[in-house]
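Each of the two complexes below includes chain A, the first together with chain B, the second together with chain C.
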Partner chain A sequence: MQTAWGWLPAIYLFLGGMGAGALIIAATFEFYGKRYQYDFCPTTLVGATVPGPLVILGTILLIFDLGAGLREPWRILYMFTHFSSVMTWGVWLLTFFIPVSLIYGFLESVDTFPAAREWLKARRWLRWTRFLWNLPLRRTKRVFAGIGVVLALGVAIYTGILLSAVGPAIPFWSTRVLPFIPVPMMPLLFLVSALSTGIGLTVDLVGTLTVGFMEHRVKSLPWIHMAFIGVETLLVGLLLITALVDGGSAAQSAREIVAGTHAVVFWVLIIIPGFVYPFVVHAYAAGLGRHSLASGVGSGVGIVVAGLFLRYLILVSGIPAAL
Partner chain B sequence: MLPAHWPKWTTILIGLALAVFTIPLALVLEPAAQALMPRPTPTATLPMLTYAAPPSRECILCHTNQEALRQTVSDPAELERLWIHPNDVHSTHGRLGCITCHRGTGGTTDLAVAHQGLVKDPTLHFEEECTLCHRNLPDEIPGDRLRTPHSSLVHGLAQGVTCSDCHGGVGHGFDPVSGNVICSMNVCLDCHRARNLRAELQECRACHIGPHDVAAALSCDDCHTSTVRWNETHLAVHPVELVGWHAQTDCFDCHDWPNFGGLRYVCSDCHQRPHDFGDENCERCHTPEGWNK
Partner chain C sequence: MEIPRRRFLGLVAAGAAAVVGAPLLKGVLPATAGERPKARYALIIDTTKCTGCGACIEACRLRNHLPEGVSYIRRIVKGNDRKPWFLMIQCQHCANPPCATVCPTNATYRREDGVVLIDERLCVGCKYCMQACPYQARVYDEERGVADKCWLCLPWVLGGGLPACVEACIPGARLFGRTDDPESEVAQLIASGRAKPLHPEFGTEPSILYYIIEE
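Up next, the complex of A and B:
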């Protein structure tokens, strides 16, 4: 195992991925009109408001992790101009994603809570913003949701590109989709995992806790859940198989994950809570037409926790290539 | 379900709290899970160099300033050697900071203290630090048609050769990407000769990957006369004597690239007869000095 990248990068990769995934889910509800079928849509509200703070927290942890940036913060500015670096792409994505997600969250909040909107309009010290209140709220919100989705896709994929770019120093991180397809797996896996954790947070957890069974509102939700879990399982399986076929330290990483020193984390903290349990309860919900509170919340907690452990496991199981 | 009297905006707080709560939960679960398995042994960690740009500021202030250097150095050649162009400080290697490679003591303007423990040629002493970043070095650079036996160097087969023998100017005006100030061919060749390596390692093909598949019949210097430009050739080995315009024509204007095939040595291989009279034997009337002769 490598020890230079541990929990801190795993946490900010997770926060960035889940924030991006949650915003994409919220925007999907917005564009498909599900947002407006009921008085209150917790999925859209949380999916729009939470990504900004989560990604800000992740960015603070990232800056904290960059020792040089912490001691000499102005060095962060260098990261904006080094366009051949993956880090620079990420810095620009975050620079745009954070304000766009905050604005989208604000617009969703004032749309959900008209009283808050009226309260803000009545403030004398906000009189200079009066022209903004005349903009069509929902159309403006959709513009920011659309821009947010594009940026969120970039943020979710970027977290994987960042790792795959470190190869060939850590061959496991730059494992290809298949041995004969020269496309790195990590961006794809991190995108699907981001969407999965986004659904886990906004639908399973918050949806179940606040309005009960989201499946009553969106009948196809269990099937969508199962499809995501299926795709994620396929990608994790391909990652491990391709790494084993590649041999060397990539294969060693895969062996450590499946049957070695990381096996408990992999099977007990990722596969069972994040894949098996949610798949079973969603299959049950698809057949029965409803969740129980325990199965909905349990599935959400499992998916979100597994999302964090998946990133942690991929980081710590990386073994540097031999010279 | 949440109590009905709770305001709806608490949903946002619940979402945030659940997302953030995951982190301490994971931090507690991970050691518990690992306790069930033997603790993995950390392998060689990610390569890291000491980042020493901030304490190298005093080095840069002096070595990029000729006036400051003149206070301690009078010999113009030595002054030139010690002076660092200010732009080089911002190169990829320059940004690491002088002390990262050259050691010494940072953060001081005292000349003697600053140069304590100084390493003039880092790759003589810390060669492994170059390979921390520069892994998977190529043994061939096809674009430049060059053999570069990096794996022999890294694995210690070429004893006594260090990175700086070829890339000595890195951080001081040498740009490996643009090839600006590239190492001389003689660096390789002189060393090969001094070590009396076997004959093929003292020939052109020791380093150059020739495009022509004619090695069995010809040596490079049978045709090429310059070690600077490939297109400077002589025609001593040409099977047909080339005179007049033919002597000034590039080989591959007539021959096929790269193995000189495609010619039967008759005029009509290359030339078309513009008139109806006569036959394909142009030499009855024309000479290689020109069509009007």
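Up next, the complex of A and C:
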């Protein structure tokens, strides 16, 4: 088992993924017009405002995991310099994602709360920003949402490439999609997991808490949910099967996950709360149109918790190649 | 003679500056002596001689002033209880080092003579290199928060000496030399095909080679 990366990188990978996923959901609502169907759209508001703070928090945790970089912070600047490193790509992506998502969040907030906009406009010490208020708010917002989606896709995918790029050193992390397809699984799995934790946060959790049954607003929502869970189940299954077929320490990682030291984390903290429970809840919602506050919130919390433990599980179950 | 590592890195930097500056001076200086052949180093470990005593591990620890229990060399016991043999692992000084590829700050780099070094003034301590090294040859210096590893005792080698592990090896299982000299023992052993890299399938092309009979 690798011991260099523990909880801090796991939380960072999770926060980066969920932040990116939430922004993609918000932007999807924006571009498909769902945002404007009702006076108040909590999903878009949270999906736009939360990613910035989440990713900032993740980045701070990442800095706390550095050794010399924490003690001599100017060394962090060197991390922008080596483009063969996936970590350098990540540092650049975060550098652009954070301000873009903060601006998008701000624009969504002032669009949702006109009173806040009037209040800001009326401040004398903000007079110098007057020319900005003349910009078309919604069009500007869409520009930042669009840039944000591209960067969010980059953030979500890079967290997976970060792991798969270690190649033969930790075979489980570089497991391919299928034994004969030379595409690493982790970037794909992390992207899908980022989107599903984003939905879990912005739709299931926040949506249910603020407006009740989101299914009334988005009829296809249960189906979208079940499709995501299905795809994620398929990817996790393929990951484990391919790792077992590969043999060696990748197979050992897979065995530890399914029925070994990490089995409790996998089954109790990932599969049940993040896959089984939300699937059942949304199947009920789709079939019977029945949904309760507890089931919506429960599925949101379950998906988010499972997303965190999925990152943790993949980190701790990485076993270096046997020599 | 012992050179503090920080000063050595300064010397390396000065050397690098000299390399960059040399073409500029070429036109000015008279072309006297021919170019010196470029050194390439190799270390061959004969696992049929290695008794696993750990003298190399301890010598490495002492020369590099590492804390108790930490060394750039570690021992893997192979074979079975009746007939064990030992695989001593240290930085393999790869021609294609994954640690240098993943390093976000360029702290890990490969010299022209094949020695892979860490510029610890650049290292942020992200430990990505430790994950990417398929030989798990790196240690983490908790005190300074940087990655650390075998540097082939480069200042001693450049001064005509030997790495500590080679000097200390009791059964004489470690052979160090220059591969750019075809007459050298290491070059001949490599040419004979008996010394092989560990896990060539990693694609790293190490400078440390092993002489292994079993497996």
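Methods note: the second predicted complex is superposed on the first by the 322 of 323 C-alpha atoms of A that agree within 3 Å, B and C clash if a C-alpha of one lies under 4 Å from a C-alpha of the other, contacts with A are read in each partner's own complex, and residues count from 1 in each chain.
The criterion applied here is as follows: a residue touches a chain if its C-beta (ideal position, glycine included) is under 8 Å from a C-beta of that chain, and two chains touch if they have at least 3 such contacts.
Keep in mind that this is a model prediction, so the values were computed, not measured.
**Student:** In the superposed model on chain A, is it clash or fit for chain B and chain C?
**Tutor:** clash
**Student:** Can A:Pro320 be said to touch chain B (first), chain C (second), both, or neither?
**Tutor:** Both partners, chain B and chain C.
**Student:** Taking the superposition as given, does A:Leu120 touch the first partner, chain B, the second, chain C, both, or neither?
**Tutor:** Neither: A:Leu120 stays clear of chain B and chain C.
**Student:** Of chain B and chain C, which one touches more of chain A's residues?
**Tutor:** Touching more of chain A: B.
**Student:** Just chain B (first), just chain C (second), both, or neither: which does A:Ile224 touch?
**Tutor:** After superposition on chain A, A:Ile224 lies in contact with neither partner.
**Student:** Can A:Ile170 be said to touch chain B (first), chain C (second), both, or neither?
**Tutor:** both
**Student:** Regarding the shared-chain residue A:Met79, is it in contact with chain B (first), chain C (second), both, or neither?
**Tutor:** In the superposed model, A:Met79 contacts chain C only, not chain B.
**Student:** May I ask you to decide whether A:Leu66 touches chain B, chain C, both, or neither, giving the answer as first, second, both or neither?
**Tutor:** After superposing on A, A:Leu66 lies in contact with chain C but is clear of chain B.
**Student:** Using the superposition on chain A described above, determine whether A:Gly212 touches chain B (first), chain C (second), both, or neither.
**Tutor:** first
**Student:** Once the shared chain is lined up, is A:Ala286 touching chain B (first), chain C (second), both, or neither of them?
**Tutor:** neither
**Student:** Touching A:Trp5 in the superposition: chain B (first), chain C (second), both, neither?
**Tutor:** Both partners.
**Student:** Once both complexes are aligned on A, which of 20-28, 164-172, 218-226 or 236-244 in chain B overlaps with chain C?
**Tutor:** 164-172
**Student:** For chain A, which residues lie in the overlap of the chain B contacts and the chain C contacts?
**Tutor:** Looking at chain A, the two contact sets intersect at 2, 4-5, 67-68, 71, 168-170, 320-321, 323.
**Student:** Which residues, counting only chain C, touch chain A once they are in their complex?
**Tutor:** It is residues 76, 87, 89, 98, 101-107, 120, 122-128, 130-136, 140-142, 144-146, 198-199, 201-203 of chain C that touch chain A.
**Student:** Quick one: which bits of chain A touch chain C in the complex? Just the residue numbers, please.
**Tutor:** These residues of chain A touch chain C: 2, 4-5, 65-71, 75-76, 78-79, 81-82, 84-88, 91, 162, 165-170, 318, 320-321, 323.
**Student:** Which residues of chain A touch chain B in their complex?
**Tutor:** Those in contact with chain B are residues 1-5, 7, 11, 14-15, 18, 40, 42, 45-46, 49-50, 53-54, 57, 67-68, 71-72, 109, 112-113, 116, 168-170, 201-202, 205-206, 209-212, 256, 260-265, 268-269, 293, 300-301, 304-305, 308-309, 312, 319-321, 323.
**Student:** Which positions of chain B touch chain A when the two form their complex?
**Tutor:** 1-2, 8-9, 11-12, 14-16, 18-20, 22-23, 25-27, 29-30, 33-34, 36-48, 51, 53-54, 131, 135-136, 154
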